[in-house]
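Both of the next two complexes hold subunit A, though its partner changes from subunit B to subunit C.
Our next item is the complex of A and B:
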């Protein structure tokens, strides 16, 4: 009896619980297959690859909480990547880099504001709008950098790639900051508004929540986070490619859903999606290290992801049956 | 609560065992010749410490699947490695092959390094995005060879054909075939993809020598047969008096199908590609129009298994004869084209396709002896 209550309690009150279980499970399997996984160099090389997706996922999570979806995030990543790779260049100074990092963040927020304007103020469908703007941004990236190339100075890239303050990967600190900021934001009135708008916009409107503004802001945040992801992936790869962000979009949505946020909005947080993003990446490692036959790799990976997505639903189904 | 925990833990354990068991077994799965006795590569690291002549582990990183080229490439790599495995020179290949992005391929490379491979064959999905990671591999003493796509990283060797020369071959043929005069269209691959850029450069260079040839339009078929067909149909409708077209790879099949479907009074002269499906289609086209002519230049996946042979020789300590190398940074093994099929040797091409699937690309893998030309004797 007590067990049952505990499970329900955990699932509803702590949406992070299930993603955490998934992460622990997948890390355990990864560790079994790759015993040196927690060596600092290995951990850092993993985390530096995961971080761009984590950043993107956080923005996506906030949009989903507010009841929307942002399919244009990958395009924004590409725009930022091409701006940095063309404007800073392989021989650029670090001042120039910081200058364009700031510009990139503004560009990201602006791209998000365009999405937000269409969706919040013109009341267009989020999925259609951001699908359309994703081509706008991807096209803009291709316009900036038609052929892959350019880059940022390798010294700056290696700051991102090799920094391990206090023997911990840089990504851990970034994640800690994200969690702290989110803990603060979600405790503010604005944080409550986000959940209210995502949960039931009409009701929120009737209780004097500035629905339009909150929706708008969610896309600005998402654009800003996409810009951060774009900066991170540029520092990871050290070069420019107008197609770099495109494949990340769906992963960010998958990570958010694995992280326990509801597609319908109003439920979830940021911690779960961060765990989801890491889980998604760890799953790829598991596939690598288990030496699954090449031709089966994609199928096996997709199966694991589908299972991870379906697991909470399946568990709940069985629980309802038993009850 | 403790009961729950137990359930979760046991589930974890079960999954772990399951996946662990999955590994070695799965390598014996379909289509490919199995390697029943070879232990999994992970179980014998630590062999990198002292110089040795055998037991090398080679890793493969491929970020793009579901194309015939890549499928043939992976299959051939496995096949050629069997040879070396039988002689105890190498162990089972560690293959990282999945549709992925730049970050994903960086992860592939990191995972190969984490598995203590001695050499990495990488088919890069990005011209420079992997550079820093490949440098880390070089710093660990790993031999890195980029196949199919030239990289400019000091210390990384490249193995492949000259993409520009590959395109010039068929462009030259088309220009000559038209007698240096006429209106043509170009259907290119992915704009911005390095191979496409090199090829289109080659085409421009050739056409610059033929001022009588007029390029009416250029469009992308995205290296896709269906798109190529659609683009060609549009061109045929827009330019009914088209004299010729230049295209590449799978799009050539689509383009020829479009011509056959439209069946204009005067067929434009078009270039083809070194794939069995195209050669078969060529034969069929001849029955419709006996004057039809084409050229098929193979862009062969065999460069990768040839690269594997080069890697093995390098691992065995043979010294590369740098005077045989070329390319942008002088570290490229530039391999000859596998096959150039014209109407004169179409029969030979069709014979090469005997018993091969439609998707088979005309191919050539250098033998162990042929590869020796690149090394100091």
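Our next item is the complex of A and C:
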């Protein structure tokens, strides 16, 4: 009986608890396969690969909390990547780079604003709207850079790849900033509005919450975070590819759900999804380090993900049986 | 004055006809030649059959509400297409069993989705997305990237060829029409159909009115899987070849076809006629864009823009202000 109360308490009061268990579990397996995982250089080379998905996931989490979904984020990542790779170039100066980083962030927010306009103001259904705009953005990225190529100066790329202030990977600082900003935002009136709109938009509207504006802003934030992810992945790869963001979209949604947020909106946070994104990336790591047959990789990875998604449900099912 | 309104399926169909007539003005189109125009229209409808059948399961799952969606449809199509291709291997008398296998395998995968969604309370989007990965992974494990097989002549005869030399309607279109009638009967004339709409509108009221919500939901996902399996069977009968990416390009268009056909993505309201019209509109737009010989990048942007315009016309949700 005591055990049961503890579990309920953990699951409801600390939604981050389960994602944390998953993360610890996957990190433990990864550590077994890759013993030097916590050495600074290894940790940094892992974290710099994880960071783009983490950034994307945070934006996706905010849209999901507000009761929407954004499947155009991968397209925005690609647009930013191709803009940086073609406009800055391998020989570009660092002023030019930072100038285009700013432009990229604006482009991301603008792309998010387009999504937000159609969904919040014209009241179109989010999944199909962002599916349509994902074609717009992915097509635009391909228009900018038809064949993979271009790049950014290697000096700037190495800032992202190798800086480890105070012997900690750069990504840790970015995650800390994200968590701090979220801790502040979720305590403000705007943060409350996000949850209210995602929980029940009609009820929020009745209680004078500016529903339309809040929905619109969630997509702008998602676009902005996708632009940040695009900048990060460009600095990581150092080159341009119009298809670079495509596989990241569905991963970001899976990461949010593994992170314990409700898909239907109104519940969750940003810390869980960040853990979810790291877990997904660590699972990928485990699969490449475990030397399983290449033919089995997709099946094993997908099965682990389904198991992780189903685990809370299975546990609840067994608990209900016993009760 | 009564407000002018057209039901979404009719609107989509009118749109398809207008678009098709307008496309006559494009360079290297049918121009003023009626015979070529009819042939082209027939061909577009024939291509729409496969998207239409794959979108049938999607329609059911979306009507069932609670964010219902089936992202595993694409991989199920690939799987059953490969199974049919390998099992039939050119023999006419194996076709019927291959069809049953396709339906059965699809239903089992759909049921697994249903179990995850209904009992384990995983959200349909990620459950079916994960299942899609599992199915794709299983295909890779089993066939190691190469398959040997062949479809049977009777499949080509029934699916890809015209019904008879005098009636230039492809067999697939006839199959689709019969299929459409069956779907209509299922949705509008059976207890299952009534229950499906009931759980789509509100699960609590449905339960209180005596609908077995759990069973209906499970049956919907199983049926959706079986229909995707049927889509794979039909598709391989038309293409005659299989590859690992055969079904995936149909996945999101199947959702778009449902939305364009006026079915609410939030569930509880919709029809299969709408989805059929939506499938025709989408196939028409895609094939027009292909014939217009634009670069891939522009084509994608035009497709995205067109889709936005389409759903802006009648895909809008109820306004917040009552």
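Note that the second predicted complex is superposed on the first by the 323 of 323 C-alpha atoms of A that agree within 3 Å, B and C clash if a C-alpha of one lies under 4 Å from a C-alpha of the other, contacts with A are read in each partner's own complex, and residues count from 1 in each chain.
Just so it is clear, a contact is a pair of C-beta atoms (placed from the backbone, for glycine too) under 8 Å apart; a residue touches a chain by one contact, two chains touch by 3 or more.
Nothing here was measured: the structure is a model prediction, and the numbers come from that model.
When both complexes are overlaid on chain A, the residue A:298 reaches subunit B and subunit C alike. By the touch criterion defined above, A:184 reaches neither subunit B nor subunit C. Of the two partner chains placed around the shared chain by superposition, subunit B is the only one that A:52 touches, whereas subunit C remains out of contact.
Once chain A of one complex is fitted onto chain A of the other, the partner contacts of A:142 extend to both subunit B and subunit C. Residue contacts after overlaying the shared chain place A:318 against neither subunit B nor subunit C.
By the touch criterion defined above, A:241 lies against subunit B but remains apart from subunit C after alignment on the C-alpha atoms of chain A. According to the touch criterion, the shared surface of subunit A, contacted by subunit B in one complex and subunit C in the other, consists of residues 142, 146, 242, 295-298, 301.
Residues 1, 3-4, 8, 11-12, 15-16, 19-20, 22-24, 26-27, 29-32, 40-42, 65, 74, 92, 94-104, 106-108, 110-111, 114-115, 126-132, 191-192, 194, 197 of subunit B are the ones touching subunit A in the complex. Put simply, subunit A touches subunit C in their complex at residues 69, 118, 122-125, 127-129, 131-143, 146, 201-202, 205, 211-212, 242, 250, 253-254, 257, 262-264, 295-303, 305-306, 309-310, 313-314, 316-317. Those residues of subunit C that touch subunit A in the complex are listed here as 66-67, 69, 116, 119-123, 125-127, 129-134, 136-138, 140-141, 144-145, 252, 255-256, 259, 264-266, 295-305, 307-308, 311-312, 315-321. Across the complex, subunit A meets subunit B through its residues 2-3, 6-7, 21, 24-25, 28-29, 32-34, 36, 42, 45-46, 49, 52-53, 142, 146-149, 151, 154, 157-158, 161, 233, 236-239, 241-244, 246-248, 281, 284-298, 301.
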